[in-house]
Amino acid sequence: MSSSKYARVFWVQLKNNFVREAVYRSNFLTMIVVDLIWIAVEFSLFTVIYSNTETLGGWSKPQTYFFLGIFFASDALFTTFFQRNFWNFSDLVNKGELDILLTKPIHPLFLALTRWFNLTAIFNFFLGLGILLRFSDAAGFQGGWKWLGLVGWLAVGLTTALLVRFAFSIWIFWTERSWAMARMYYQFFAFATKPDTIYPKMIRYLILTALPFAFIGSVPARALLQGLELSEYLRIAAVLSVFFVINWFLWNAGLKRYQSASS
Amino acid sequence: MKLGNIQWRIAALKNGFQDATAYRLEFLFEVLGAAFVPAAIQWVLWYALFKVGGATQIAGMTYEDMVAYTLVSILFTQVRGGDHDFELAEMIRGGGLSNYLLRPVGVVEFVYIRGVAPKIFIAGFCLVLGIAAMLLSKIFPSVAAATPNLTPLNLIYGMALAFFGNIIHYQVGATLATASFYWEEAYSLMMVKNMIVQLLSGELIPLNLFPESMQWIWKSTPFYLYVFGPTQIALGRWSTEEIWMQFGIAGLWMIGGWVLIRASWGLGIRRYLSLGG
Amino acid sequence: MSTIIEVKDIRRAFRSPKKEEGMKGTMKLLFKPEFSEHEALKGVNFKIEQGSFVGLIGANGAGKTTLLKILSGLIPPTSGSARVLGIDPFDRPMNFRHQISLVMGQKAQLWWDLPAVDAFDLLKAIYEIPEKTYRERLNTLTELLDVTKHLNTQIRRLSLGERMKMELIGALLHWPKVIFLDEPTIGLDVLAAAKLREFLRVFNQREKVTIILTSHNMDDIERLCSRVLILRNGEMIFDGQPSKLIQQGACRLRVRLKEEIPAAKLSQWTGLAESAIEIAEPEADDEGDAGDIKTIYFETKQEAVVTVLQALMKNCSIIDMGVEEPSLESVIQRIYSDPKA
């Protein structure tokens, strides 16, 4: 397996998506406006809450905004690179698109998950970074070499979203209609939009383990603002590894089923 | 109204209901998901503010008040308008409208009736569930103390207002959907509307939490009539005069919505026909 | 020439879950699924030489696509063994994938929103084709198929015929040794199908690639394939040259008789087996005048036509008659529908 081939394929997919989006330019502004409103709504919610209190679960207002910045940036990365591929995931099985992918000399999942990009969403990534930067001082972020840590944490957030979304999508091999699962993912995803420390123990435990949505924004924000204990690092590594193994297992089982059910 | 006119409406209602429940498991997921996740998040916020943060009163509301609001608002969130304005927009954009123009029914109303069918079922179900849960909860003195004015009658009034809200929601959505006559991406307007509705309907937080200087924001839209208003009525936090006034306001919004949708639809359809669909 | 594909006693059974209505059915599917078994292939054997052009035909559900999927490695056979290029296809090793290509006429693999040339760029990266080789191949293929001027047009704006040509180019850029074509001419008009066929014929001869093609269009088979395999209900019922299907000197005598005579009697008069006599219901003629006179077909040899006619004329009066060459299409039609053949 040559990694340079994978890099080249990724690059061509990126280029092709750029061409495609250039064709549909009108979409660009719309997307940005919709996402801006979404961000504005999330901000208003917290603004309203903080107009009644000083801290929320130990988070001051600028700290929460700092968290929102990371969350938006991380989510924008997912939207840019993966979201649409997951929307189209069910076609792989239901329309038999997997057939063609399986005959190509490259991992079929790599092709399936790099097919569609949403390059305009990268704007939101920078918007998220902007928010983060704007509130970093007030939130007590030390900056300096810790900005490097931000890169790592964005990668953790992106990996988490990818693994969890995958775990919700893979059931298409068994259910034919993955609507309900996709919707459930987005309902649970709402837990990611608040800092994890405000949740009661049980929910908090859940979003740090079985549904690790806290890794997308809250944990990175806490890590950058206060630092984490070793046990938390270990837990993140463990949870993500377990997700990876489960996904790998489900993918193989699903593929096997796909191959035994088709004629 | 002629008999035929009633018949197609009943048929549309039935069709809409069957369509929504064709996949029962998904219908269940949708109802449960739409009810419990927003409620869980609300409850978590109150928990963080009161129990972890140690607040005793926020905007005149105690922890118990907040939880009562959250629980009752679930019922009305279920009834609030669905996404059938998207269907209307897609019909206009994709040209599916042409098929409907040939039929002897009003398209805008047809889509509404189809969409509202499962909501009527859910509303009835919520009402029964709500009254049962309420009577049951009165056994616990602490709950009874937090919700002294929660009576079956108030709940029914609340549900009535929520239904007015459902109609207004569709009127707003359908008016925005007519932008599809001119613009490919009109659905984004509706997405924006939905996000604003989420915040200003009161399904995420009670609207009286808004700081004094920002109260005018929600008061100037009809969205608060969807969830916040009905919940206030059900919990008996509005006086009788206030309730009548709010029903009056809802009526005005509905008339306004009716005029608006007729005007924008009439303009749009002329363009649609002149372009040949 | 060497054997490139070898199939030994391949069977393929597949199970499909039986889902019952509603919530209960879904729950049952999750925890205690029930399956129905179906045999798509029931012991198929054949060998294919390098460079040959083989047609694979059969009615819908006969097992053609299943066989193609097994040969291209998408699904494993339930029992038996397949070897393509000396490799077990289902292992799908990289060197195998580099040497084969699968084209499904009903499934597009190119992007709709992009010009073909960008989609080919992706394939170039996937198959790691060097720039120079890629250019040469692209030139050769686009010239052969006459689509050079369409390379920069969005796929969605191309006609079905041009789109299929682009799909073919995409499937050939890595110069596969074995090509599986599943109904490549489906939906194409006569002219476009003819052009595609001509290209396939030239490409097969020039590059000595092995091509296996399924089609419902008998023109495809007749003009391209030196050998044809016929599947029926998962069994192979014919393997040989298409011309062998049509017996030398065989012909079809068509007559219309004044009175209605049962097949048994006709058989007695003419000395032909009853199975060689087909009585068709009256059909409307050009003037829309169906009448009630049935048309009778006799399968016989050219030299025996006169004898049959004489026997008929002795016993009844003939209104109308004619002699037809059997077409491959009609032969195949009979093979599909005849359970004994």
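To keep things simple, chains are lettered A, B and C as they appear, and every chain counts its residues starting from 1.
In this section, a residue touches a chain if its C-beta (ideal position, glycine included) is under 8 Å from a C-beta of that chain, and two chains touch if they have at least 3 such contacts.
All values reported here derive from a predicted model rather than from experimental measurement.
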Centrality ranking, top chain (CA atoms only): A
Chain separated most widely from chain C, comparing mean CA positions: B
Please compute the C-alpha centroid of chain A, do the same for chain B, then give the distance between them in whole Å. 30
Roughly how far is chain A from chain C, centre to centre by C-alpha average, rounded to an integer in Å? 46
Centroid from C-alpha atoms only, then distance chain B to chain C, rounded to Å. What do you get? 56
When you check chain B against every other chain, which residues touch at least two of them? 25
If you look only at chain A, which of its residues touch chain C in the complex? 1-2, 5, 8-9, 11-13, 15-16, 19-20, 23-24, 95-97, 99-100, 102-106, 111, 174, 259-263
Quick one: in the complex, what on chain B touches chain A? 23, 25-26, 29-30, 33, 37-38, 40-41, 44-45, 47-49, 52-53, 55, 58-59, 184-185, 188, 191-192, 195-196, 198-199, 204-205, 209-211, 214
Give every residue of chain A touching chain B within the complex, in rising order. 26-27, 30-31, 33-34, 37-38, 41, 44-45, 48-49, 51-53, 55-58, 177, 179-180, 183-184, 187-188, 190-191, 194, 197-200, 203
Of chain C, residues touching chain A in the complex: 12, 14-17, 30, 38, 40, 63, 65-66, 69, 72-76, 92, 94, 97-98, 100-102, 104, 107, 109, 111, 113-114, 118-119, 121-122, 124-128, 154
